[in-house]
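Worksheet for the structure shown next.
All chains are identified by letter, namely A, B and C, in their written order; residue positions are counted from 1 within each chain.
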Amino acid sequence: MKFVSEYRDPKAAEQLASAIRKKVTRPWTIMEICGGQTHTIVKSGLEDILPKEITLVHGPGCPVCVTPIELIDKAVAIAKRPDAIFCSFGDMLRVPGSSKSLFDAKAEGADVRIVYSPLDALKLAKQNPEKQVVFFAVGFETTAPANAMAAWQADHDGIENFSLLVSHVLVPPAMKALLSSQNCVVQGFLAAGHVCTIMGFEEYFPIAQKYRVPIVVTGFEPLDLLEGIHMVASQLEDGRHEVENQYSRAVKREGNRPAQKTISEVFEISPRQWRGLGEIPASGFQLRGRFQKYDANRRFPFEGVPAQESPDCISGLILQGLKKPHECGAFGVKCTPENPLGAPMVSSEGACAAYYHYGRRQNVQPELSRPASR
Amino acid sequence: MCLAVPGKIVEIMDAGDPAFRRAKVDFGGIKKEISLAYTPEAEIGKYVLVHVGFAISVIDEEEAMRVFEYLKQMGNIEEELGEVRQ
Amino acid sequence: MADAKTFNLSCPVPRVADDRIVLAHGGGGRLTHQLIERIFIPAFGNPMLEQRHDGAVVPVNGARLAFTTDSFVVRPLIFPGGNIGDLAINGTVNDLAMCGARPLYLSAGFILEEGLEMETLRKVVNSMQQAAANANVKLVTGDTKVVDKGNGDGIFINTSGIGVIEEFPCLAKSARHGASPVGLAETTENGMPHVSPGLRDVGTTAASISPASVQPGDAVLVSGDLGRHGIAILSVREGLEFESPILSDCANVWPSVEALLKAGIEIHCLRDLTRGGLATTLNEIASDRNVCIKLEESLIPVDETVQGACEILGLDPLYVANEGRFAVFVPAAHADAALEVMKKVEVSVGAVRVGKVEESPARTVVLQSRIGGNRVVDMLSGEQLPRIC
């Protein structure tokens, strides 16, 4: 596949890994923001070809993981209504709420459907005028334009039996929150490439300057990640803290203007709860103006039960990159993909799930040991 | 939240309003219809990055070659210096 | 602006998955295995069942018969490359083949949903007749039930099958004993297959084809490229259009197995790849035999178009369903010979070697990626869902 396969070329990967090995002289901790990047790193065993000096920590780039438990409960409650068709991306189906997930609700008879695009949900609304079609609008800025367009087209076509349950989260506020924490160990960032495709990377310049961290907008294939790591490592070795764009084939500094325009027409910035991290101000989207009529939160009143906390789940520490999944006492024992205690174990992008599926438990890692640098 | 896949535009269906402009995109042999609402500059033959049914960027083919040119240069330099790669 | 602060940790109460059946229990992955281990084996346990192979080899009056059953609940009923009827015949034929048995007789039980179009049933049954003729098996008994509208997916089919283990001496052992390779079992007057007693003394391959024979040092082969069936099914559900359509690889694999047996290849194990894909099958074996299976990503065969579909849907081809593919475990020294034999048979013309069996890390399938890193290929915990993340 063009623009995919070449970025998986083994020889090029080894060349870049070798360049990184030659570059680093001391340990550095780098965080990749996006779950999709975590997925590639773990799936290709990228850490095995990096020098020991580079430690990658996985950031909170999993909107599935950070969707508040109350919202899952709300989704389940709506899905169970006999007049509702609840649509969602596949990722959200297995995330546990206070007592059950959407998948469980489906097993109990709720009409829950996986869709590829929010426009598919809108189509279902047109085809089923007697039902309430609700779409679980989860995601970072990358998915916001698509969700915005679904609301915009619904308004344009006068569709009333359609609504969005919104759980959008924004990356830069999360990065700032992480960086201002006293426990922050991250020295450089691989910024989320597809988020930046939409939003551009203007917002990162003040962050890089204030916190003195290099930020490199990075793609998702092995070569992208290796090049991004090389660029961050070079900055760190040189003592620079700039914003650079590795993913230049897809990302422009100003981002995607038409997408930004539609987002600002349909959404406005709001405070948001991040599961595992708490509330971060100005870190989410909510529907605004004439699009508020599509807000499922308003349309379906809901008396929630307060969410129960499990003391064993340390997802907050995982999402900040302070601990690795296999350092959690519950990992692989009490907390497994079949019986997850926290969202990072459920989502296919969650750090815990990635570790569980690809890296297994601690005792596997030493046997798949990494080469010494140089 | 970022699974976006590059594909080649093989057909464009204009609907007057750019918000409803759609395209048939070829992903390595399989075709899917997607929205071009956010890539008004997209044309047939260009590659776009597609996320949940929307093209979010037109791929800059020159920039796409950049990393390979850099690697080629690196390779040439190493050859000249007679370095042995691991 | 966010100042330095402590973050609140918040987690949900664990979900209890044990009180109800969920779709994932049928996915072929971890939950299916849990169901088998926790409900079925404790109830029915006996040495043959506990082999956990695709079929059971049972002794009957001196002959060794293979016996298997399978149920088919696919949706959509008709898909590119076949329909539920082809699956129903070939699926059971293949399970028998995986025991090293020549498939002979099948039964078919139909559960039909009220309102099913007669034309659909006719089409399915015609496909079954053709698949059975192609596989040289006879459908000798059956049953039909009808359920209320809304209680079935149109058609559910169960097929059970009987095959006979024919004795083929393997090359190495026959050379030792000085015996020459023997061909097909003879048929007696009443049509029952007859196996000459003398053959049983010569070391045979069919006798020991089972996961129990897998050992470190074995090579792992697959009979062709992965993922066609799963993608063919999904293409209908997701509305994907293909330039040249992806057809299900649903097929009868006995000709390939027969060729291997006749050639005297020392086969340790045969296992067909179905739901859950190559990853699930290999995990089952690694787990049963306490071994490590090491795969090389660059050797795994996936057609470009299937790969494209997987990319779009966010699926891993290792976990996508197949219907006419199987894995073969042979001693490393026999791998090339085995591949040569398989490539001459149409259904396994794309056979390749994909990995090997090692001692550790035990009960684990490890994949070396194209770029040289390693990862564990775990058992699926539930259904593989399309993802956007």
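Quick notes on this structure:
The working rule: a residue touches a chain if its C-beta (ideal position, glycine included) is under 8 Å from a C-beta of that chain, and two chains touch if they have at least 3 such contacts.
Source: prediction; values computed, not measured.
In this assembly, C is the chain whose CA centroid lies farthest from the centroid of subunit A. Of the two chain pairs considered here, A-B and A-C, the higher C-beta contact count falls to A-C. Centroids built from CA atoms put subunit C at 35 Å from subunit A. For this pair, subunit A with subunit B, the centres built from the Cα atoms lie 22 Å apart.
Within subunit C, residues 304, 307-308, 311, 314, 387-389 each touch two or more of the remaining chains.
For subunit A, the set of residues touching two or more other chains reads 1, 4, 14, 35-36, 62-64, 89, 116, 139, 143, 349. Within subunit B, contacts with two or more other chains are made by residues 1-3, 5, 27-28, 51-52. In the complex of the two chains, the subunit A residues touching subunit B come out as 1-4, 6, 12, 14-16, 18-19, 34-37, 61-64, 89, 116-120, 138-140, 142-143, 145-146, 149, 152-153, 156, 192-195, 197-198, 220, 223, 227, 248-251, 256, 258-259, 262, 349, 371. Within the complex formed with subunit B, the subunit C residues making contact are 235, 239-244, 246, 304-305, 307-309, 311-312, 314, 387-389. By the touch rule above, subunit C contacts subunit A in their complex via residues 1-5, 7-15, 17, 20-24, 30-31, 34, 238, 298, 304, 307-308, 311, 313-314, 360-361, 364, 366, 368-378, 381-382, 385-389.
Considering their complex, residues 1-6, 8, 18-20, 27-28, 35, 37-40, 47, 49, 51-54, 56-57, 59-61, 63-64, 66-68, 71, 74-75, 85-86 of subunit B touch subunit A. Put simply, subunit B touches subunit C in their complex at residues 1-3, 5, 24, 26-32, 50-52.
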